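Just below sit the structures, each encoded as C-alpha cells.
The same chain A turns up in both complexes below, where it pairs with chain B and then with chain C.
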Partner chain A sequence: MAHVFDVRTAIYLLTALAFTITSKGGVFNIGVEGSFIISSIVACTVGILFGFLTPILLIPLCILSGIVASCIYNVIIYMLKTWCGINEIFSMIIFNYIALHLSNFIVKLDMIKSTNGADTTQRICENAMIVGRNRPVVSFILATVLCIITYLIIKYKPIGHNINAIKSNPKVALLSGINIDRTLFYTYMMSSFISGYAGGFYVLSISRRISVLSGFEGYGFTGILIALFADSNPVLLIFASLLFGAIKNAGRGLNLLNIPSQVIDLIMCIIILTSAIYYTNKRKKHGVH
Partner chain B sequence: MAFTNIEILIYSTLLFAPPLLIAAIGCNLTTCAGIINIGLDGFMTLGAFVGCATTYLTGNTLIGFLLAGIITSISTIFFAILVLKLKINEILVGFLFNIFLPAAVVLVSYFYFGSSDTAALPPYLKIPILFRKLGRSDIPIIRFLSNIFSVHITTYLSFVLVFIISFVLYKTKYGLYIRSCNANKLATKYVGINTEKLQYLCIVISGFLYGISGAIVTMAITNQFKITSICGQGYIALAAVLFGESKPLNIMIYCLIFGFFSGLKTIVPSSSAYVHLVQTVPYVIMVVILLIKFFINRKRGII
Partner chain C sequence: MKKNKGLFVLIASVLVLTLFSCTNSNSSQNSSNVAGNSAMKVGLITDLGGINDHSMNQLSYEGLKSLHEKHPEIEISYLESKLFSDYALNVETYVNEGYDLIITVGATFIETIMDVANEYPDNKFAIVGVPIPKEFPNVSSIIFANEESGYIAGAAAALTTKTNTIGYVQGMVNDTLNLFGIGYVRGAKSINDDINILMYNANNFADIAGGNVAATNMIKNGADVIYQMAGATGIGVINACADNDIYAIGSDTDQSPIAENNVLLSALQLGDKAVENYVLDFKNNGFKSGTIIQNIANGNIAFAYNDKAIDATVKSKLQKIEKDILNKKITINTNTKDCPEFTLDK
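Then we have the complex of A and B:
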C-alpha cells in the first residue's frame, strides 16, 4: 500500500487539475509540464539558498516562489497568444523545451551544484523539507480540497460561467459581453497557480533535489492523461488520479524486476485512447462536438 | 581532415538540418491536406530506433534505412484511422502517440538489447559519406569546399526530396487536390475527389518521411539509439512548417537556420553548464522569429 499510494498521487492530481482548468476554457494546456519544471527548480534554488530561515517562513517562501515563477511562465504564453496571436499549443511546446534546458542549466550552476560531482543540485536545507509519515494523506486531502473548490468555482461563480461560455461558443460569448482575454487570463493564472504549487511541493516533500533531465520526467504529461481520462471533470479527477497514481507508482516497482517502467506508459496510453474513443462517440450521439 | 571553426559550423548545419528538413517536408504534406500532426516527435523516435536496430541486426544499411520508413508509415496508418475515421481530436492523438511510441520503442529495445539504448553501429554500417577522398588536398579553397561537401548521402537526398515533394504539391494536379482538401473539404468532395483517400495517402507518405528522418539521426549524426536522441527535433520541424507558411523554400531556409543553431552545441565543451543554455537557443530563436514576423505583419497592416 505504501508503494501504491504516495505523495506523487497528490502531485498527479494537482497537475491534472491544472490541465483541467484551462481545458474548461478550450485550451489544450501542454505547458503544465514546463511550468512544473520551472516552479520546481525555482523552489529548489530558494530552498538551498535561504536555508537560514525558520521552516515556518521558508516552506511558504519556497512554494510561493515556485508559484510566482510558474505564473510568469504562463503570462508569457498568454501574452504571446493574445497580443501577438501565436498559437498557444505551439508556444507551450517551445516553452516546455526552454524550461527543460534552462532547468538543466540552473542545476549545473556553481551556486547550487552538488559538491560530490554528480549531475544534481545539493539537497535542500533541513528547514525547507516537508517531513512526516502521513505526508501522502495530508497532501492528497489538500489537493482534493483544491479540486472541490475549483469545481464549485466553475459551477457556481460567474467566472466559471464565462469560462464555459468561451469554450462552447467564443463568438456568442464575445457578443454577450464577456471579456474573452480577461477570462482566459484568469484560467491561465489559476492553472499556473496550481501547477506551481505542485512543482514546489514536489521538491520539498519527495525529490528534495533536482537532477539534470535528459528528457521530460512526465509529471505534467501524466496529469494531462489523468485529466483526459476524467473528461475534465474536477470531481472525477480525484478517483482517476488514485487509479493512475497507483499504476504509475507500481511502475517504479517494476524496475526492481528488470522490466522497464515504460510499460506503464503504454498501458496508460491505451486506456486513454479507449476512453477518448468512448467520449468522442458519446458526444457524437448527443450532437455536441 | 582538420576543421576550422567556420567549417565546423557549416558542416554541423549540413549535419543537423537534413532530419529537420525531411520531417518538415513530411509535415508540410499533411498540413497541406488539413491535418496537424503533433506526434511527429514520437514517429521520428520510432524511425530512429527501427533504423538503428534493423541495420544492426541485418547488417545492411539500405534495408535498415528503408525499414525505418516503412514501419513508421505503417504506424501512421493507426494515426490516420484514429483521426479520420474515429474523428478524435488530432492534437490529443498526436500527444498520445508522443508518449506511446517512445515507451513502446524502449520496451522492444529491452527485448533485443537488454537496455533502453541499442548497440552502437560499427562505422561501416553507418550512412556513407560522399566525396571523402577530396579532403587530402593541400590547396586551402579545395580543402574548405571538400570539407563542406563531404557530408552524408542523406544530406543530398533531403534536398532532392524537398524538390520532389514540393513539385508534386505545387505543380501537379494531385498536389492541387491535396491542397484543396485543406481549403474546402466539402467542396472538394462534391467535385468528385476522394478526400479521405488523399488524406490517408498523405499521412502514410509523411510517415515514411518521418521514419527516414529519424533514421538519419541515429545512423548518420550519432551511431546509437538513445531515448533522448530525438528530443524535440520533431517540434523544431513543426515550427519550421508553421513559420514557412507551407512555402518549400521558406521551410528549407528555416530548417537550415534551426540546424545551424542546433549545431552550436557541438562547439561548446559538453562538461560545462553552458551546453544546456546553448540547447535552448533554437527555441528562443523561434520565439524571436515569431515576434519579428508579428511586428512586420503589423507594420504592413495585415493583422
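Then we have the complex of A and C:
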C-alpha cells in the first residue's frame, strides 16, 4: 500500500475540494494551483524562521499563515473581478504564473535559501514537521471530514442554496434578492481556505522544503481533474482522489519493473476519455447540450 | 442519472485500485527473486527533468544501459521524479528494495541526499553533476569541470568574432552552471582582453522561443558568436544564429546537425561514460566517497568540432589550448569575485 497511498492523496482531495466549492458557484477556479504554491511557500518560510516555537504553536501557525496567504491571493483575484470586471479565468491563469515566479523568488532569498548551494530552501525546523507513520491515513480522514462538511453546507445551509441559485441562473438569483458578490466572495474564501490548508499541510508533512520550480507541479491541476471526474460531487471526490492518487503514485512501481512511467499518463488519459464519452452520451440522451 | 455517475466512478476506482495492488505485489516478488541471485543492483533517480531530458538524466541512464550490456550481472533500473516530493520517496523505495548503489542527478537533489545519507548510513549514494558541500562516508559526487568547457568555448568565440562582441546564454543561475559562464569569460579574455561579452540568463531550460529572442537581441547589439548553455532554450539560440548567419557554440551533445554551417563546435560532457566508469569502478574496487572530477584530462569533457563552420587555424589553436589545460599549463580561476565581467549572478 505504501507505494500507492501517501499523503499526496489527501492533498489531491483537498485541492479537488477547493475547486469543487467554487465550481458550485459557476466559477472555474483554475487558480487552485497558484494559491497552493503561495500557501506552501509562505508556510515553508514560517516553518524555517519561527523554529524556536513549540510544535503545538508552530504547526497551526504555519498552516494558518498559508491559509492567510492563499486568502489574500484570492481576494486580489476577486477584487479584479468585481471592481475592474476582469474575467476571473484570465486573472487566475496570470496569477498562477505570478505565484510560481514569486515562489521561485522567495526560495532564493538569503534568509531561507539552502546553505549548501542547492536550488531549494532550507529544511523546515523539526518543530514544524508533521511526523508519524500513519499520517497518510490521518490526513486523508481529515480531508474526508472537510469534504463531508462542505457537502452538508452546500446541501443544507442557506449559503449553499444561494450558491446553487447563482450557478443555475445569476439573473434570477439577483432578482430574488441574493447578494451575488457577497456569496461569491464566501465561496472564494472557502476555496482559498482549503487550498491554503492543502499547501501548508503539504510542506509540513511531505516536502519539508520548497525547490525552485521550472514549471507547475500540478497539485492544483490534478485536483481540477479529479473534481471534474467526480462531477463536482464532494462525496464522490473521496473515491476519485483515491483513484487518481493511486495512479499518480504507481509510476514508481512500474519503473521498478522497467516499464516507463508514462504508461501512467496513458491510463489516466484513457480513464478521462472514457468518462468524458460516458457523460456526454448521458447528457445527449437527456437532451442537454 | 446521478446514481449511475456515482456507480461509474466507484467501479472505476475500485477496478484500477485492484489493478495496482496486483502490480505492486508482483514487483515485490520479482525483487525478492533478484535478491536471491545476489546480483549487484544499481538504481538511478532522475530529477524533475525526467529520463528523456536529452541531458544528464538521459546520459546517466545510457551509461548504465551500456554497462548492463557488457556486464549483464549488474541489475539496473531507474525511477523518475515527477514532483519535488518524489525525491525522498524514490530514495526510500530503492533502499527498501535493497539496491547496492543509488545514483541521483542534479542540483535539486543535494539537500535530499544529505538527509538520506544520515538516515541510511549502510546504503551507498552518488550524485551526478554537483558537488556535495559536506563529506559523507557513503556519498560520492561525480562532477564536471564546467569551467574547462566554458574556457574552450570562450577562446573559440574570441578567435572567431569579427565585431569583437560575443554572446552567452545560460539556462539558470546557480553555482554549478555559473562555472560555464566564468570559464567562458576567462577563455575569451585570454585571447583578447578588450572583448565585449553580452550575457543573458534565460531562467528556463525549455523555452525555445525565449532563447531565440535573447539571441536575436544580442545579434542586434553586435554579437557574432553566441555560446548557449541552456538545454532546449539553447536550440532557440542556435536557430536565431542560423537565421542571422552568425556562429553558435553548442553544449552537452553534438549540436551541429541543428545548423551545419553555423555551429562552430559543441562542448560535450560525456555523462554516460562518466557514470559507466564510476559504476564499473564501484563494482571492481568498492565504494569511494568524495568528489570525482570529470575533465578534459580523463576524456569525459570533449569537443566536437564542426569542420564545415570552424576555421582550420582556429581549430588547431583550440586543440593546443585543450592540451595546455590537460597538461595543467592553464589553470582557470573560478572565483566569481575575481571575475567582474560575469554579471549573471549580480
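Please note the rule applied: the second predicted complex is superposed on the first by the 262 of 289 C-alpha atoms of A that agree within 3 Å, B and C clash if a C-alpha of one lies under 4 Å from a C-alpha of the other, contacts with A are read in each partner's own complex, and residues count from 1 in each chain.
Keep this in mind: a residue touches a chain if its C-beta (ideal position, glycine included) is under 8 Å from a C-beta of that chain, and two chains touch if they have at least 3 such contacts.
Bear in mind that the values here come from a model prediction, so they are computed numbers and not experimental data.
Student: Quick check on the superposed pair: does A:Tyr278 touch chain B, chain C, both, or neither? Answer first, second, both or neither.
Tutor: Second partner only, chain C.
Student: Going by the contact rule set out at the top, does A:Leu257 touch chain B (first), chain C (second), both, or neither?
Tutor: Only chain C; A:Leu257 stays clear of chain B.
Student: Does the superposition put A:Ala246 against chain B (first), chain C (second), both, or neither?
Tutor: second
Student: Identify which of chain B and chain C touches the larger number of residues of chain A.
Tutor: For chain A, the partner with the higher number of touched residues is C.
Student: By the touch definition at the top of the document, which applies to A:Ser91: first (chain B), second (chain C), both, or neither?
Tutor: Touch partner of A:Ser91: chain B, not chain C.
Student: Name the contact category of A:Met111: first (chain B only), second (chain C only), both, or neither.
Tutor: neither
Student: Quick one: is A:Ser214 in contact with chain B, with chain C, with both, or with neither? Answer first, second, both or neither.
Tutor: A:Ser214 sits against chain B and chain C alike.
Student: Would you please give the residues of chain A that touch chain B in one complex and also touch chain C in the other complex?
Tutor: Residues 212, 214-215, 218, 260 of chain A touch both chain B and chain C.
Student: Which bits of chain A are touching chain B when the two form their complex?
Tutor: 28, 30, 80, 84-87, 89-91, 93-95, 97-98, 101-102, 104-105, 108-109, 212, 214-215, 218, 221, 224-225, 228, 259-260, 262-263, 265-266, 268-270, 272-273, 276-277, 280, 284
Student: Quick check: in the complex, which residue numbers of chain A touch chain C?
Tutor: The touching residues are 1, 3-4, 6, 8, 114-120, 122-123, 202, 206-207, 209-215, 217-219, 229-231, 233, 236, 239-240, 242-243, 246-248, 250-258, 260-261, 267, 271, 275, 278-279, 282, 286.
Student: Any idea which chain B residues touch chain A in the complex?
Tutor: Touching chain A from chain B are residues 38, 82, 86-89, 91-93, 95-96, 99-100, 102-104, 106-107, 110, 116, 227-228, 231-232, 235, 238-239, 242, 272-274, 276-277, 279-280, 283-284, 286-287, 290-291, 294, 303.
Student: Which chain C residues qualify as touching chain A in the complex?
Tutor: 1, 4-6, 8-10, 12-13, 16-17, 20-21, 23-24, 26-27, 30-31, 48, 51, 77-80, 82-86, 89-90, 93, 97, 107-111, 114-115, 130-134, 172, 174-176, 204-206
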